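To keep things simple, chains are lettered A, B, C and D as they appear, and every chain counts its residues starting from 1.
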Amino acid sequence: MKKFVNDPKQFVPEMLRGIALANPDTLTYVPEYNLIMRSDAPREDKVSIVQGSGSGHEPAHVMIVGKGMLDAACPGDVFAAPPMDYVYETAKRLASPKGVLLLVNNYTGDRMAFDMGKEMAEAEGIDVRILMIDDDVAVKDSTYTIGRRGVAGNFFVIKAVGAASEQGADMDELVRIGEKVNSVTRTMGVALTACTPPAKGSPLFELGEDEMELGVGIHGEPGRERRKLVSADEIVDELLEAVVTDLPFSSGDRVALMINGLGGTPISELYILFGRAHDQLAEKGITVARSYVNEYCTSLDMAGASVTLVKLDDEIEGLLAAPAEAAIRVF
Amino acid sequence: MKKFVNDPKQFVPEMLRGIALANPDTLTYVPEYNLIMRSDAPREDKVSIVQGSGSGHEPAHVMIVGKGMLDAACPGDVFAAPPMDYVYETAKRLASPKGVLLLVNNYTGDRMAFDMGKEMAEAEGIDVRILMIDDDVAVKDSTYTIGRRGVAGNFFVIKAVGAASEQGADMDELVRIGEKVNSVTRTMGVALTACTPPAKGSPLFELGEDEMELGVGIHGEPGRERRKLVSADEIVDELLEAVVTDLPFSSGDRVALMINGLGGTPISELYILFGRAHDQLAEKGITVARSYVNEYCTSLDMAGASVTLVKLDDEIEGLLAAPAEAAIRVF
Amino acid sequence: MSGQQEVELVVRTIAQTAVDNEKYFGDLDAVVGDGDFGYSLARGFEKVLEGWDDLDRSAPGTFLKKVGIVISSRIGGTSGPIWGTAFLRAGATLGDAQEVTGEQVAAALRAAAEGIKARGNSDVGDKTLLDVLVPLADRLEQEVQAGSDARTTLEALSTTAREAAEATKDMIAKRGRASYTGERSRGSVDAGAMALAVIVEQVDQAWQREALR
Amino acid sequence: MSGQQEVELVVRTIAQTAVDNEKYFGDLDAVVGDGDFGYSLARGFEKVLEGWDDLDRSAPGTFLKKVGIVISSRIGGTSGPIWGTAFLRAGATLGDAQEVTGEQVAAALRAAAEGIKARGNSDVGDKTLLDVLVPLADRLEQEVQAGSDARTTLEALSTTAREAAEATKDMIAKRGRASYTGERSRGSVDAGAMALAVIVEQVDQAWQREALR
């Protein structure tokens, strides 16, 4: 295992501690519950925005706590939803008179933990709402599944809801905005390698030197289909087609385009994918109004990428453009 | 080769084109010379700050062109200094009455290309200065080498000089500042895997599953020493020791601490390294006043990291804290 | 049929089996899941073992509920709520009786299964641990009705669990992370189902060892 | 001894060899360097071949200078300035003579080596292509003084180049990227040195083929 790691069981706590040490003025860390929160939260005049999920998706969500983004993140262990207790304790600590909004990617474990945590918090009179995110087009909503997964598109829900809450929006308004953004956001991903969870110490699955896995989620779980590895252009075309036809996006639309790296792919390659996606969208008459090329929601060290499109209207575009700060300081 | 790539020969141009498409309002791309420049450069009232080097170090330097950072980047092919022609054409296009400052990492190829490009530009009456960066403590300055290499620490020189130039500093002042920052900046890196240049298609060297390479540069070239892979804490301790004793940094110092990912290491692991480095510095009485944890200067998809310390004084700290924008938009 | 001592033996064996099989259970989950099942289970039951002496053991039912609370507050992922619910429901079914009959144990297993179904919005046939748990409850009822002794009953349960776990191999996952792979989930056993089978076998053996003393 | 035609044969062979050996030269550079040497050389000489017909061929010296300009403007890395300088200096030494003597060729090689030394702040013994180029110039002078014919001379140069390239194996790199690895640079030949040896051998063979026609 080619990783910087001490005791794999301490992987998440040591990471969280590092984040807190790097942001002493703005973040507070509560080790008992894996909680990273803004030091100035909860605020009387603001709904607290919280996202939790398994760890291993960094910078999501523990590194995007900050003004205009999340008020707190409550992660579980690598690829495991947090225990419901953590959710409950987080809701208690973030309780604001305007309420606590829990953003949850749609996975069985997360759903259950957040539902149960919410019930426990409500029993103590805290106003808690849950907003499910399910942007992944690789999973069709059928009797076979519990519905689409939430993947990298959750960034846009966080950003929009984070901005609106900063502007004073109340809970109903935030839920309306979040659901709207989620409803116009679509993502599809591909893996070139499997990732290696620190506690497992070896790759989750084996991919041949000339293979790729289409339609992966963000937990290193295998995807929809294994295929021969093809060129960057061909891969983008396929991902984009799946995304575009799903909503569908059509000529005349203004969109945000995100090329999200899954952790092991250098940003140089992401820009190659971006250029092609941009061209293909232009050909379809779709205008890229906002561009996002970086790692937003990863699967540890997985080489791979996902393509996300968000259909913009004036409200969404304004919220995405609003200022924000995050725990990951690049400069 | 697990990469998103079309024709490897088009790797760099396709990446640059993607960067330009993602930043249509702020950047201009000149394909003939791999040139990415601010659309508002050159400015009459500002020295133009340019860095060039081989590609493969992204986000350095093509993705940190922006207000308060670089006015232009002029990269060569992957791990190859740009041809001198590119340097010359870049200097011509960036020529401002206040001059053009070329920041160059100290490598034979870069040195030669920039020296020759500078001579050519000077022959046309352009005021060009070169500032060499050499922060790597892995290479001792001896008769065996052409001196220390420039590695991730170049970020701090760029940031300081970029901020000062924005505030109107003239060429002499910028050179003074840049040399000062370089003189108090030290870096040491480690690789857990070798990187794979797209044109080569296979890793540059083989590292056993339980091996690491200490003292690597940023071009995938092997390092000073191959060793058994040890824990994250032990690795940080060793890198930090090399850096601290070199300047040396000592009790009472205020520093900027950077944990730079080399491309294939997830940011979660970087924060684990950061936490340990922070503790160790505290024990030595050294205060971390500014924290940088991310990818700043990479070697393609290499798993690995480097530790950089900068000794701060009021002037440097102020310049590092000054606002800046970059082509990589995270939000 | 059994009291606090027997329940403790069973729970301790479950916990120890979870800790001992961390890697095996994780590898099973890695085939079409995300590989953390073994880790999650081991971390949770480690906590149970760590706090063993402080658990309220005033009655078997109370004991099981306390174990359920530790599990659901310490295990993340899907398994925390699922296994936590199972222990809580089983404990609630036993109430505060000091001695529990075979019928009561069967009812407790049944309640655990129903709890999981409700919590997981899942059922038999979805390729989850329910595909072992429900057959187990059925078989236990049969053995109780037939008046089998503990040895015979446990052997029968072991066989049932193993067979039921193996049978998940041919199923398509309809719940949990494995369901995202659709048709590809066929061909490998469900991690949760197999874990349960291994646990039952270990309980069977532990019971034999204790009986021999 | 030779004129424009022969110079073109030599340059074309150099260019073709660089293009044909992209992978081999790159692998040599990967051992203690960064693996791009083959790529850089191939991309540069590809440009030379592409623009072949448009190169000013009014005199051998002019031709070499034009080639040097293409190389130094299109090849990046260390090799662009190094090889560009070599061609420029060699061209300058030949001036605008239409026919060049063996002495002049030797002088051109010597000038190329001096140019590289100045440009690279390097010398014989630093484990670079200079460790082949300088012995080549020496040997050529000897053969010219001995009055050897072209065949003999070229064979001698091939042998010298190969031996000199192999000899870089035992050296420690003192210049270029390989020097950062210090002692570890010992044990593998220098990429630039070996490339030059391969080129000389190819020139030798091309010359033979042309002479046979």
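One rule holds for everything that comes next: a residue touches a chain if its C-beta (ideal position, glycine included) is under 8 Å from a C-beta of that chain, and two chains touch if they have at least 3 such contacts.
Protein names from UniProt, one per chain: A, B, C, D = Dihydroxyacetone kinase.
Note that this is a predicted model, so its numbers are computed, not measured.
Chain centres here are Cα averages; for chain A and chain D they lie 55 Å apart.
Centre-to-centre spacing of chain A and chain C amounts to 33 Å, using the average Cα coordinate of each chain. Residue numbers of chain A whose C-beta contacts span two or more other chains: none are found.
In chain D, no residue reaches two or more other chains under the touch definition.
In terms of which chains touch, the assembly is arranged as an unbranched chain of neighbours. Interchain contacts (touch definition given at top) occur between A-B, A-C, B-D.
For chain A in complex with chain C, the touching residues are 9, 54, 76-86, 107-109, 112-113, 116, 138-139, 143-146, 149, 197, 199-200, 204-205, 217, 219-224. Against chain A, the residues of chain C that register as touching in their complex are 26-27, 30-36, 39-40, 43, 72-82, 119-121, 172-182, 184.
On the chain A side of its complex with chain B, the touching residues are 1-6, 11, 14-19, 21-23, 55-56, 58-59, 63, 69, 159, 192-193, 207, 209, 229, 231-233, 235, 263-275, 278, 288, 291-295, 298, 300-301, 303, 305, 324, 326, 328-331.
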